[in-house]
Amino acid sequence: MITIGIIGATGYTGLELLKLLQRHPAAQVVWLTSEQSAGQRFGDVFAVSPTLGNRKLIASASADYAGVDLVFCCLPHVAAQEHVAAARRAGVKAIDLSADFRLHDAAVYEQWYGHPHHHTDLLAEAVYGLPELHRAEIASAGLVANPGCYPTSVILGLAPLAQAGWLTGTVIADSKSGVSGAGRSPSLKTHFVEANENLSPYSIGRSHRHVPEMEQELRIADCGLQIADCQPPISNLQPPISNLQPPTSNPSWQLIFSPHLVPVSQGMLSTIYVTLPEGVTEGDVRVRYEAMYADEPFVYVLPTGQVATMGHTVRTNFCAIGLTAVPGTNTLIVTSSIDNLIKGASGQAVQNMNVMFGVAETTGLM
Amino acid sequence: MITIGIIGATGYTGLELLKLLQRHPAAQVVWLTSEQSAGQRFGDVFAVSPTLGNRKLIASASADYAGVDLVFCCLPHVAAQEHVAAARRAGVKAIDLSADFRLHDAAVYEQWYGHPHHHTDLLAEAVYGLPELHRAEIASAGLVANPGCYPTSVILGLAPLAQAGWLTGTVIADSKSGVSGAGRSPSLKTHFVEANENLSPYSIGRSHRHVPEMEQELRIADCGLQIADCQPPISNLQPPISNLQPPTSNPSWQLIFSPHLVPVSQGMLSTIYVTLPEGVTEGDVRVRYEAMYADEPFVYVLPTGQVATMGHTVRTNFCAIGLTAVPGTNTLIVTSSIDNLIKGASGQAVQNMNVMFGVAETTGLM
Amino acid sequence: MITIGIIGATGYTGLELLKLLQRHPAAQVVWLTSEQSAGQRFGDVFAVSPTLGNRKLIASASADYAGVDLVFCCLPHVAAQEHVAAARRAGVKAIDLSADFRLHDAAVYEQWYGHPHHHTDLLAEAVYGLPELHRAEIASAGLVANPGCYPTSVILGLAPLAQAGWLTGTVIADSKSGVSGAGRSPSLKTHFVEANENLSPYSIGRSHRHVPEMEQELRIADCGLQIADCQPPISNLQPPISNLQPPTSNPSWQLIFSPHLVPVSQGMLSTIYVTLPEGVTEGDVRVRYEAMYADEPFVYVLPTGQVATMGHTVRTNFCAIGLTAVPGTNTLIVTSSIDNLIKGASGQAVQNMNVMFGVAETTGLM
Amino acid sequence: MITIGIIGATGYTGLELLKLLQRHPAAQVVWLTSEQSAGQRFGDVFAVSPTLGNRKLIASASADYAGVDLVFCCLPHVAAQEHVAAARRAGVKAIDLSADFRLHDAAVYEQWYGHPHHHTDLLAEAVYGLPELHRAEIASAGLVANPGCYPTSVILGLAPLAQAGWLTGTVIADSKSGVSGAGRSPSLKTHFVEANENLSPYSIGRSHRHVPEMEQELRIADCGLQIADCQPPISNLQPPISNLQPPTSNPSWQLIFSPHLVPVSQGMLSTIYVTLPEGVTEGDVRVRYEAMYADEPFVYVLPTGQVATMGHTVRTNFCAIGLTAVPGTNTLIVTSSIDNLIKGASGQAVQNMNVMFGVAETTGLM
């Protein structure tokens, strides 16, 4: 039985995580923290059944880090760092759902998140928690940086192309997310009357914080498998990867990323436009995707002629991928669907836990 | 041309009001106030076209009350009083969309709103702005208290019965409202993810502030037309009506009112359950409704066998009423539908303006 | 391992059932039928992952009834009868999700469903599958009639009052249902543009088919525990109960039921208005509810001051009940929330299966 | 007063059209047809107030074409042709909301719509009804082909670039539409439970019928103003334009178009990705857009830093355009928002009517 503490349990990722862990046969949540709601029941914060609702929330100061096997940290970035560090100091494994340990380069982190990184030592040990790309490293990791939701949908949608070295020029990801991706703090943007019957792009172009995260992972995939003299070599890519270029200056390809807020609670779809290199056919592409994901329990490639929709994956840990080559052009359209709170956050965190603790990877997630 | 000032224009009622007045051929909005957004354009606050968006918001301190014919006050209760008073001192007519002048009895106001009323002199002149019940008084009024949205749907749904003296025992109004009724200030309850795919009762029973408002008007309708010795007589019902009973002690009938929040932006439906007096048939009831509303431009009674839905009236100033007698019982079910922001707020306010200024009542509202 | 066949698997209850059974540790779905889609994969009918999607649909004519332990029938009423009969003839237990075996009296069935009942012998053995009321009978049943969604919410909301003999006069259930309750066949009423941003009452009063079902069960609950000479006695209530009165003629209490379609996919809330007998206090009521549901795994009573919302139970097998006594009146408002597809259909069917096969009742449902 | 007949009034475009015309001071709807609902009232088909609802629907065979000034045809393509032809034979002007007269080349029409065109003579006189591009021709037209909703959003979003000759390579339009765009006939795709909480791409790439329509208009805009020897010259572009290239073979630029169905009733947003020619700056682009749309009553360009959302234009006849240049790249992202039923259909039809009959262009549309 894996004993677990959850830090910052009163957001949507905390709620989903607790639901998933409650029915996980090998997991036991020992404590839950919330600074704002310490002393209350979980049911005072969410309209849930007593099974979940009767659990008590404690302050993180009272949390016994050393008494658990694993800590999930569901705090926002910056706030997450110190709690993850405390867990690691106590010798406990940690999965961080914030952005604090996703970027290998502390300078890039500071540039995008506006704060210096205070635990660069932990950056060095952190593994990017996308099992489809880093399963072996996750299995032996002490600290896993759980990917962002947009990056999960885009990276899984492009990884086979990146590994084949087939990303070129401008790659456009037009992504659509449910409102839960914006968190649980009320704001005008997420006010029902404003978000309902509406659809809004925001931070489009190269200005969203998930751009460097996506490019980091796709460049590693690209570099590692196709370019022999890639520095550093694939065997020791993990950090620091100082020769990764800043987002705006890569010569061979770069990402344009346009997130949109759509009026659904949960769900995410990325429609991705890629220019295939001369001579690469739709058939070649499909072979690559099917090979990469053939044995993946949570990623499936749709048959020719089908596109992924939000409905394919909502409330599951799956990623569904559609491949549409446009006749008469060299454009490939990849449609990549996940649930932003499950495969895009808490479900992937449980998947990472399973890998880290040697439990069958799909346990509690089917 | 009626010249107009709007106080507190940056909520949903302000937005609807401005939209309606903009296409009203006899109205001209001269100024708009907002304390928070003074100096900004209306388009900085709402995603609207430049036609509306280029209008400047000013502080109420800079508003020239005397320079307009009419002031609409869209502030919350308590805050509204002083601005309405300022308008009246300047000799300007006013329509107040808050609850501040709806209850004739200052003590009842204080009991329900938790603040003493500071302008009881204005209470005495205020007319309850439901044209279907008080058209003549509105025509000559200096101050009109625009009804609440729930009261509009319930009072119009019950007025013919009240006037006939056919309300008895417990009258149950189970009302469903769109989220815009809760205003534009973000809160957890109106956060998209919480309100979407949900439906929540709140303040059910006799605890919602609209209960005394509904009972006041229905008792006046009841008393006025059926009971000869009703004090005060119908000719001078307007205030104070000291013999109106407090909500919980009426012997002949009382209201149970259950509002529910439903995941639509605009719309309201009240499903009202009435026990008909012995010997009153469905036919009798229908005759009363059709007589009362035959000449009303904004209220229509649906044919036998039809029920009102939100869709009947959404984004219009209409009230649609369905009458369903339950065979084998003496229960009548009234379904009453309005748009909470139009007939339930800003549309009704424009209708009142038309009546006050002698413009055809439907101008700008069809 | 319980081996299972599902007849008519391509509606929403079939989908939910398959999802629930797939993660049930003691259940194995052997075959799925669909007349329309026989030969196709489940994934051709629903956008689901390959785990579910690769299952083949067969024609019911090819289904090996004798080769399974249990058949779930997800067909509409009338169509269900013959398939349930075939299963029973093959000696196999059956849970029918249609209305065909819910009403004990074949004449009442014919009156409400417009078809004579062709298997009255099976009516005699059928048990109404609400475990909270009929657990012992379900445990030994060969045929379980799974309750309707509205009846589940209303009966659970009223059963403690019925058992106490505290139902009197007119009991009003104002119910709100998500659109999945209307099934998967496209219609104008369930067309997105018509249902979205709308809310519609339908079949209000005593005209909906669920009225006799609710009254049957509440009268049994009422009669059984309060009236000593109730005929038949509680020990052999199961059918036929020829002395149950037709819906419109009961002297002591009767139900008014108003269903409403609301723009959510899944969820149900019933707001129920009851007149308590003289001398019965809110405290008395609460004691009854808490006693009846204290050991129930799927029903919980909310603390004083809280009301049930759809959100309390959506996508769970729970029923949440709120009790609100209205001060100064003898009105009790019960708010009862379930998920129409889970506790209102497929989840309850699995719960019944667990009871029938001696598996822990919550297995696969938490 | 313009007298009007509407053919096929019982779809969503018919409903919107009737609403708009009812409040249009210079328009009078004389008759409405519906084959399916002939003899019924409009209110039997839609839940509308008696003002609209009491209008009678007649069969088109009974329609007096010659007795009106203008016929709007709201039928689907193919079916529209004969009715438009009948109107023209009767000497009456016509605005056709279907696709039947939008494509100048009958062969292209047949290729995309699968039917030979039976009225190629009318094709020759038809004017593409986008006033921002063809105002003068519309003013003198006998037959106006009202643009599709997607084309309106994409063409207005790209026309200034096309006119400048700045379209190059692959232009990607990722469009999102409300469900009303799919019409009022129920289908599984538009069933509430399927469309709600979902988002689905469909016909992505170059397979949607709106691709040739968009390319036709953008090529005319491109050719006309930039290429002196364009054949035919701008002065007589109207049909046939036999040298327009089929969609897949244009050498200088081509469109990739990906429509998505989103869970809103009305609204449309196109996110368009353009590669600017070397040396063209964001400032250059903005100058072009502002020049082209400065005097347009229904198109506005948002300030730098703002993106268009569905909310900017929903339930209005406006088109809002945002321009976002991506720093460090030559990518321009255009966000173009319209209401699919208003500017994308019925509102634009009324705008065209105003132009055709010399009424102020904004009449009835503000």
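Each chain carries a letter (A, B, C and D) given by its place in the written order, and its residues are counted from 1.
Quick note on the criterion: contacts are C-beta pairs under 8 Å (C-beta built on N, C-alpha and C of every residue); 3 or more make two chains touch, one makes a residue touch a chain.
From a predicted model like this one, the values you see are computed outputs, not experimental measurements.
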(message) Relative to subunit B, which chain's C-alpha centre is the most remote?
(response) A
(message) Going by the touch criterion at the top, tell me which pair is linked by more C-beta contacts: B-C or A-B.
(response) B-C
(message) What's the distance between the Cα centroids of subunit B and subunit C, rounded to whole Å?
(response) 40
(request) Could you tell me the distance, in whole angstrom, between the mean C-alpha positions of subunit A and subunit B? (result) 48
(request) Among the residues of subunit B, pick out those that touch two or more other chains and give their numbers. (result) 196-197, 263-265, 309, 311
(message) Which residues of subunit B touch subunit A once you look at their complex with the stated criterion?
(response) 12, 179-180, 184, 186-188, 190-193, 195-197, 263-265
(request) Flag every residue of subunit C that touches subunit B in the complex, lowest number first. (result) 170, 172, 174, 176, 194, 196-202, 204-206, 248-249, 254, 256, 258, 260, 262-267, 269, 271, 273, 275, 307-311, 314, 322, 324-329, 331, 333, 335
(message) Under the definition above, what is the set of subunit D residues touching subunit B in their complex?
(response) 22-23, 47-51, 197, 300, 309, 311-313, 315-316, 318, 320, 366
